[in-house]
Amino acid sequence: MSLGQVWAIARKDLLTEGRSKETLNGLFFFAALVLLVFGFALGPDRARLEQAAAGVLWVGFILTGVLGLTRAFQVERENECLEGLLLYPGDRGALYLGKLLGNVVFMLGLEAAVFPCFAFFYNMPLWGALPGLLLTAALGTAGFAAVGTLFAAMTMHLRAREVMFPLLLLPFVVPVLLAAVKGTEAFLRGAGRAEAFPWLALLALFDLVFVTVSLFALEWIVEE
Amino acid sequence: MPSRGSRLVIPLGLAASAALLSGLYAGLVRAPADAVQGEVQRIMYLHVPTVLVAYLAFFIVFVGSTAYLWTRRERWDILAHASAELGVLFTALTIAAGAIWGKPTWGAWWTWDARLTTTAILLLIYTGYLMLRAAVEDPDRGARYAAVVGILGFLDIPIIHKSVEWWRTLHQPSSLARGAIDPALLFPLLLNMAAFALLYAFLLAQRMELGRLEAELTRRRLEE
Amino acid sequence: MRQDGARSPVRRGGGIELRGIGKNYGATWALRGVDLVLGPGESLALFGPNGAGKTTLLKILATLVAPTRGSGRVAGFDLRREQGGIRESVALLAHGTHLYEDLTARENLLFGAAMRRRSVPLDALLTRVGLAEAAAERVRALSSGMKRRLALAKVMLAEPAVLLLDEPFTNLDQAAVALLEGYVGEVLGRGGSVLMATHDLARGYAACRRAAVLVNGRLIHEAPAQPGGLEALRAAYVAATGEGGG
């Protein structure tokens, strides 16, 4: 497996996305919309919103992820590019990692833009908690992207993919959602690392297990 | 032509019936009512065996999925598929029994109790497994994709379990593990566990025979 | 999972050997018992109607698809056990161009070079296929003929020992056809093998030294390409398929 290939794939995906920007912009507005919609659903009582804030943020990220993670393989449908990727030497693990890296960077970029909206609508003092929040976001995003990238490859050709992808992904990433929300809550409350630590450890474990397994599993998914 | 498996079906069926009848008699009639909870506690004789059998079924899905990807022999795929169906069935029974027990005990059908929540997530994961098989047209691809989900799903179980447990604990701590259970209640419980395990084995053998016949039929059509 | 040999396996030269290759997709057999031997410096034109199994055969040779039955060697590497070596040595000019529409022509080649872990003088390559001026244009802006030429450049990048071509003459103008034919000659000249699947009986026959017909997954009428042999081939083709050739 070649790191050069991983990097080439991630770079290509991000370059392509940067050129067209259609998905990035659309998803950013979608995420902001989710935050707002939850505000309508749960508000206007500010106390209630503040209690629910971390949960709303992560549901927003995950719903946006459901829409955005499939793009990693949808871009390969035009001109039979997936076939092209499979013709290169090297193993499928590099393809998986490259796609994962592209997805994670993409999602983190989105999340970075969403955080200010979150602070704005939900009146959250982010500044002090920022390192902890970013760490939680990184670990959590890696987790649901790890499984999401694999399932994106799996559902790319299905007619029912818009339904099948979230249907398969969401139950798998419940631990990520739980841990990310609890971790975010702990940091927002200023409770400090001690309280957030077990949740972060769980996220790290999830990431490790599922990146490793998916790395090998992609072989069986993309094979014709 | 009858396979090895099909010859097991009738003996298994008889054994399961006998065990179930005696188990149900022992649990519902002979065993004394619980000192604290009263008659409603008897549902444990159903609920605990079904959840254990469900986990057994998912383990078998894992075994079948791994063996299928390793050997590509159809019989492992049939095993995984059959066991997944049974796993979903027993999981649904577990949740239903849990709700029936929960309503008079806690006053609510669903209390987000850790163990039942984990069970509900597993129900969703393996229902997704079955829906994926139905959504993929090429049976070979479908088997491969399902096998990947079957393996990942099983690996997720301990992580889901831990995360939900940390998230919420209401359920009685495992009486079995702590030995806090009265021997008068323990024996019928163990009997029912064995009975349900036999029921699972019987249904599995039947379902696998059905799967084998379906595969045979497809093969015959191919040769025409 | 099949683990392949060395990172960048030493090339073993051209050549294809297939024994009893069969492939089924569920209820249909795409290939039945195909035997084929192609040595270094040899070229074969494969004719056949749609659905005959030509593309499937090419995909098996490129390791995109695993055969249900049979064995073989491509570029000296085992078909089932040394797929990394095969992918290193083989290039497929397929029906799809494998081009990313939002990247420029040059960027597409850069990506191909990075994935093949090669550094190739890209400017020279672009000039050779006549895309030097369009190098910085996005592929989306190129004509379909230019896209086909860029796809050919990607293949040339790989410097394959075995060149596989699936309907290569579609959408090519006369200059591009000459380019392709020249490249085929070059591959053969350095000891590579070429297998071309095509509808175009005349061009295929002219470009290759041997010809064969694939019908319903079986290889029939394999013969060296001789002057006047085209008519015999056409007759065999029509007889086997009940339709006229290109």
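Letters A, B and C name the chains as they come in the text, with residue numbers starting at 1 for each one.
Here, a contact is a pair of C-beta atoms (placed from the backbone, for glycine too) under 8 Å apart; a residue touches a chain by one contact, two chains touch by 3 or more.
None of the values given here were measured: they were computed from a predicted structure.
S.K.: Give me the set of chains touching chain B intersected with the set touching chain C.
M.R.: In this structure, the chains that contact chain C and also chain B are A.
S.K.: Taking each chain's centre as the average of its Cα atoms, which is closest to the average over all protein Cα atoms shown?
M.R.: A
S.K.: If you take the mean of the Cα atoms for each chain, which one ends up farthest from chain B?
M.R.: Result for the farthest chain: C.
S.K.: Report the inter-centroid distance (CA atoms only) between chain B and chain C in whole Å.
M.R.: Their C-alpha centroids are separated by 50 Å.
S.K.: What is the distance in Å between the mean C-alpha positions of chain A and chain C?
M.R.: Chain centres of chain A and chain C, defined by C-alpha means, are spaced 39 Å apart.
S.K.: Chain A to chain B: how many Å between their CA centres?
M.R.: Here chain A and chain B have centroids separated by 32 Å.
S.K.: Where in chain B do residues touch two or more other chains at once?
M.R.: In chain B, nothing touches at least two other chains.
S.K.: Send over the residues of chain A in touch with two or more other chains.
M.R.: Residues 220, 223 of chain A each touch two or more of the other chains.
S.K.: Which chain B residues qualify as touching chain A in the complex?
M.R.: On the chain B side, the touching residues are 69, 121-122, 124-125, 128, 131-132, 135-136, 144-145, 147-149, 151-153, 155-156, 159-160, 162-164, 166-167.
S.K.: Help me check something: in the complex, which residues belonging to chain A touch chain C?
M.R.: Per the stated touch rule, the residues are 2, 4-5, 7-9, 12, 15-16, 19-20, 75, 78-81, 83-91, 216, 219-220, 223-224.
S.K.: Can you name the residues of chain B that touch chain C in the complex?
M.R.: Where chain B meets chain C, its residues are 138-140, 218, 221-222.
S.K.: Considering only the defined contacts, which chain A positions touch chain B in the complex?
M.R.: By the definition above, chain A touches chain B via 147, 150, 154, 158-160, 164, 167-168, 170-172, 174-175, 178-179, 182, 198-199, 202, 205-206, 209-210, 213-214, 217, 220-221, 223.
S.K.: Name, in rising order, each residue of chain C that touches chain B in their complex.
M.R.: Checking each residue of chain C against chain B gives 24-27.
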